[in-house]
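Both complexes below contain chain A, partnered by chain B and then by chain C.
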Partner chain A sequence: MKSFIGRRAISSAVSLGGLIVLVFFLTRLTGDPTNLYLPLDAPMEARDNFRVLHGLNDPLIVQFGSYVYDVLHLDFGESIRKARPALEVVLEAFPWTLTLAVVTMGLVTLFAIIIGSLAAARVGGVFDRLSGIMSLIAASTPEFWVAIVGIFIFAVSLGWLPTSGTGTIWHWVLPITVLFIRPFGLILQVVRGSMISALSSPYVKTARAKGVRQRAIIFVHALRNGMLPVITVIGDQAAGMLNGAVVIETIFGFPGVGKLMIDSILQRDFSVVLASIMVTALAIFIMNLLIDLLYAVLDPRIRY
Partner chain B sequence: MRNLFACMFGVAVSAMSAAPTFAASNDVTIVLSEDLDVMDPCMSSRSNIGRVILQNISETLTELDGSGGGLRPRLAQSWEAVDDLTWRFHLREGVKFTDGSSFDAEDVAYSLERATSPKLSCEIGAKYFGGIELTPKIIDAHTIDFTAKVGQPILPLLMSSLTIVPSGLSPDAFMRVPVGTGPYVFKSRAIGQNIVLTRNNDYWGEKPDVENATYIFRSDIAVRAAMVQTGEADIAPSISQEDANNSATDFSYPNSETLYLRLDNEIPPLNDRRVREALNLAIDRDAFRGTVLPKDVILASQLVPPTTMGWNPDVPVQPYDLMKAKALLAEAKADGVPVETELELVGRANMFPGSTETMEAILSMLQEAGFNASLRNFDVAEWVNMYTKPYAENRGPQLIEAQHDNAKGDPVFTMYWKYHSQGEQSTISDPTVDSLIEAATSATGEEREQLWKKVAAEVNDRILSDAVLFHMVGFSRVSERLDFKPTISTNSELQLAQIKIK
Partner chain C sequence: MLEVPRHPALTIMKLLWADKFACIAALFLVLIVVCAAIGPYFLEDAASKLNLRGRNAPPFDWSQGWLFMLGADSLGRSILARIAVAAQNTILIASCAVFASLVIGGALGLIAGYSSRRLGDTIMRLADVIMSFPSLLLAVIVLYMMEPSVLNLVLVLAITRIPVYLRTTRAEVLEIRERMFVQAAIVMGASRMRIIFGHMLPIVVPTLITIGTLDFAFVMLAESALSFLGIGIQPPDITWGLMVSQGKAYLHQAWWLSFWPGIAIILTTMSLNLLSGWLRIVLDPVQRWRLEMGGKNND
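On to the complex of A and B.
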């Protein structure tokens, strides 16, 4: 187990290193941000001074060497725009995204498993058909549209919920509901398919022959085996959310890492872009590791 | 399934009990588009920073009246020219900073030194004091002289931009807690969520109505407008024309921006005046009002708005005359001008609501007149490098969509940068224009006004260097419980002291 974790850590570190090199040079290809940060009527002297202050006059390879040296000393540089350490900026934003992702994926997993399993229990029944329609609609609905319509119905017209923001638990209802819809539709279908396969297995037939109750067959015997492909898809969807739910964060005013990353790219705030990528990549690495370990828990045949 | 619906219904019913939180009677909530990157007064020429800090926390020596009342005293009670190079400012006595220290001439001298410090890259220093050498001389605790190397007749106007900070501040790091002499004091900040200011009980001036102001941040325009409608916010300074549909709460105001196409006068065929005129005549400016753009936009003949000293009423708005445009193009072509060269319209994505549609309509009008034109939209970082010197050497003829903001009342903040041969965004090099701009910059009074009028006539009529289009408007939504009308200054500041509670 330890050697597996070690191997995964090394391969992830190599990937992360490659990512840093790629992102560092790709962001620099977008050009010098000096004109973006200074007013249009700033004199040339002020522009030169800005470049010197932020090391933008140095050759690219020198900038890269200095960046790598700093990162190895856990210094991710300073945000040009916010004049604060880039890592501090990212670590302020990341918990918002992480909370959104954890709560949403928790709810998605719970509801998709229950409904998907029940749908698989009687294929072609009314419940199965209803859940099929529901998941198709959910998986193909654009988030931004649902978000705006949700605000106008539940906040503006009915006044039940706040439009946006983060102050109370009610502020989380709309964003989580909107974010819930698409992965729910997708994972519901995966659960259904996986459970149909599991429920037709010989061990389920044996359990039925032994007179085990239907609920126990579905949620104890079949579900554990049917969960392996579901977890893979959940991991994929969760990784997408850890990268930031940009649309949700923008519309609902959540100060998460997705919007921070997009804004930093647009503003050529290189240090924040790189720090955001490092933090989210690390989070995704940890999540993938947990998923691998979960495979072993669910299926004892899997050994690392 | 029943359980699922019961659970979802439970969440919805519980949510119903959460009524929107309305602000207390003397508190206001203002919804801005983005959180502040930094909270330093020396950066308050940026819109969102200015709207929180400028004249709320941090004050200036002089203040430009947004409703057209000219320059008035703020931290300086009066000022006079000592000689051609020196201005003397008499400072208000008994003023304290929000950190408890007293305001005096040393703070004024330090504020300028800090704003222009190469260690900070302060926007106010770069924007208003770049290239100006000013030497402060403290006469006494409440009198200070500024001597310029070259005469600065508008120094009192420039001082309406210099935010005053206490002299003990770090000269090489931005403030995280802004300190000033204003009617409000910084109370708290939750990054990305809100900033709260509270009334400064030790303020030297009149006590304002608003007690606490909370600034919140939403990028989505429709959400900002909805928040005032639901009572979650009281003022949304910037909403779109489409959302401004309630005459009781929504106001249009001149936002001091002028929209124009910067024509590259150095590159054929745009180096030929007939081509530039044809291009101007091909654009049906009237067709944009009330369609792609708000009906309140004003057709523009020059980059500065009509309220600016030196705006020239004799410079005409370019009419729409398709026949004449085609005739001018044919004439230029006959003289060997390469009018068939492809012109590139350079748009800036999301510059204002309707920006892309405006550029598409202009493209269509130019093509109808016979121009070979194409349109490309760029993000701001790429756009700004195309708009500002040094220009690419192998570029083709470009028409760059740009907005210019001059709410300062004097063309000096426009003409040098846009039309002097050394100007950062200039594409013309005309000795007459250069000497007129230089003369106007150092002139005063009536002479200054006349010289600026001549500059406008030269660049916008004789040379016809650009296609100047519209003086733009912005839209604000203000809660009915407040008495507040946005002005031309609302783009750069939002003085809480001007908000009255009904």
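On to the complex of A and C.
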């Protein structure tokens, strides 16, 4: 078990390292932050001072070396835009994204499992058709369009929900609903497929022969085995969401990691970009570990 | 009963007719492609002519003529005409990206599956690296760094989609190379190139095309999202995603500015999804009879 976690940690660290190197140099190619942060008529000395302060005068490779040195000492640099430690800025935004992802994926999992299982229980029935239509719609609608139409109907016309921002629980309704659609359609199909094959296996026949009730067969006997592929897909989707639902966070003015990353890239706030990549990578790593543990719980044949 | 051999195009039409949804989807896609191909030549003027008296004209108002049946935007330009013109960029970007990633991914997949172990492993690790990147983040950085032009957009979208084709092709090749007919070809002394292109490619291509259809929809949505964020296509060039984005500012006065281009995106992706479902059945010898029966339910 320990060696398994160790191996996973090493391979994740290697790809994270690659990502950091790439993003470090790519973001620096976008230009010099000095021109963005100082007024056009700033004197040369002010510009030089700014560059020296943020270490922008050194050769790139030296900048990279000192960045790596600092990160290894858990110093993630300073946000130019907010004049605060970058890590602090990121850790302020991260809980928003995390909550959004956890609530959305929780709802997705619940609904997808119930509807998908019922669809698989009777192929060609009402639930099956319903799930087919729903996943087709989910696969074909652009999120930003649903968000805009949602704002128009529920916020502008009806005035039931706020258009954007945070504060009350009502601010969460629209973002979660919009984020819900795409993963729901996808996971619904996976649940349906894996439940169909689980329901045709011999142990289900045994359970039927014993006279177990249909509901117990679906949700107790078959579901446990049918869940394995579903969990994989849920993990993929959740990872995407932890990386920041950029579009949704932008539309709804949500102070999450996705919006922070985009803003920081556009404002050339390099250390915040890198810090948010590292924080989300750590979160995704932990989530993947939990998923692997969940495999072992669901299927005792799996051991690490 | 002996079947009279027919023209392959006729067979395809018949199979398409058997699935009514796919049939409608195909017709709609043909319409969109025609729009993309010739729309700009006929409607360019209508799409860029300002008509300040008809600013934000509501849809279904026939007084301005049929061009304005979907309403007009904030400068009084016909939305219908603009959608037809924007179809060109939207379709062009998506098809170029899909084509490029399909060809490159397919070729790399063939190599990875049918060459030395080491080269194959290297290629796969490369694909893993691309897949582990948050693709939208990468797209934002690259597009911000370079000028956001059509070519760069295609490039970014294609790179993020290559691993999908690469993995599929490699998996198929690994399975096919163990089959008898490949062994037979090797024994008969067929060259490597001949085995790959003559014997393996025809089996891999249908799968790739099915994935490509599905991916076309995905790429279109990704392009729309990037244009929506303001880092994709830049005005005065126009795509459907950009039209939705531009309409956002007028949501309070004129909902139709964002609404109709979004509907165009949805109908196109939906058609692509339906068509790829049909393709999957047609190209699968085990399931094809369902359509050959004429769509009749047999159970």
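Assume the second predicted complex is superposed on the first by the 304 of 304 C-alpha atoms of A that agree within 3 Å, B and C clash if a C-alpha of one lies under 4 Å from a C-alpha of the other, contacts with A are read in each partner's own complex, and residues count from 1 in each chain.
As a working rule, a residue touches a chain if its C-beta (ideal position, glycine included) is under 8 Å from a C-beta of that chain, and two chains touch if they have at least 3 such contacts.
Keep in mind that this is a model prediction, so the values were computed, not measured.
Asks: Does chain B (first) or chain C (second) touch A:Ile115, or do both, or does neither?
Replies: first
Asks: Who does A:Phe152 touch here: chain B (first), chain C (second), both, or neither?
Replies: A:Phe152 contacts both chain B and chain C.
Asks: For A:Ser200, decide between first (touching chain B), second (touching chain C), both and neither.
Replies: neither
Asks: When the two structures are laid over each other on chain A, which of chain B and chain C touches more residues of chain A?
Replies: Of chain B and chain C, more residues of chain A lie in contact with B.
Asks: Considering only the touch criterion stated at the top, classify A:Met44 as touching first (chain B), second (chain C), both, or neither.
Replies: So A:Met44 only meets chain B here.
Asks: Name the contact category of A:Leu266: first (chain B only), second (chain C only), both, or neither.
Replies: Touch status of A:Leu266: both partners.
Asks: Classify the contacts of A:Ala83 with the two partner chains as first (chain B alone), second (chain C alone), both, or neither.
Replies: first
Asks: Which partner does A:Thr30 contact after superposing on A: first (chain B), second (chain C), both, neither?
Replies: In the superposition, A:Thr30 touches chain B and chain C alike.
Asks: Based on the superposed arrangement, let me know which partner A:Leu136 touches: chain B (first), chain C (second), both, or neither?
Replies: A:Leu136 contacts chain C only, not chain B.
Asks: In the overlaid three-chain picture, which partner chain does A:Val173 touch, first (chain B) or second (chain C), both, or neither?
Replies: In the superposition, A:Val173 touches chain B alone.
Asks: Which residues of chain A are in contact with chain B in one complex and with chain C in the other?
Replies: 30, 148, 151-152, 156, 250-251, 266
Asks: Under the touch definition given earlier, write down the residues of chain A that touch chain C in their complex.
Replies: Result: residues 15, 18-19, 22-23, 26-27, 29-30, 136-137, 139-145, 148-149, 151-152, 156, 240, 243-244, 246-247, 250-251, 261-262, 265-266, 277, 280 of chain A touch chain C.
Asks: Residue numbers of chain B touching chain A in their complex, please.
Replies: 1, 4, 11-12, 15-16, 18-21, 34-35, 37-38, 45, 118-119, 121, 123, 125-127, 130-131, 173-174, 191-193, 216-220, 222-223, 226-227, 229-230, 232, 379-382, 384-385, 387-388, 413, 417, 424-425
Asks: Chain A touches which residues of chain C in the complex?
Replies: 128-129, 132-134, 136-137, 140-142, 144-145, 217, 221, 224-225, 228-229, 241, 244-245, 247-248, 251-252, 255, 258-259, 262, 265-266, 269-270, 273-274
Asks: Which residues of chain A touch chain B in the complex?
Replies: Residues 30-33, 35-46, 49-50, 52-53, 81-83, 92-93, 96, 111, 114-115, 118, 127, 130, 148, 151-152, 154-156, 158-168, 170, 173, 250-253, 255, 259, 263, 266-268.
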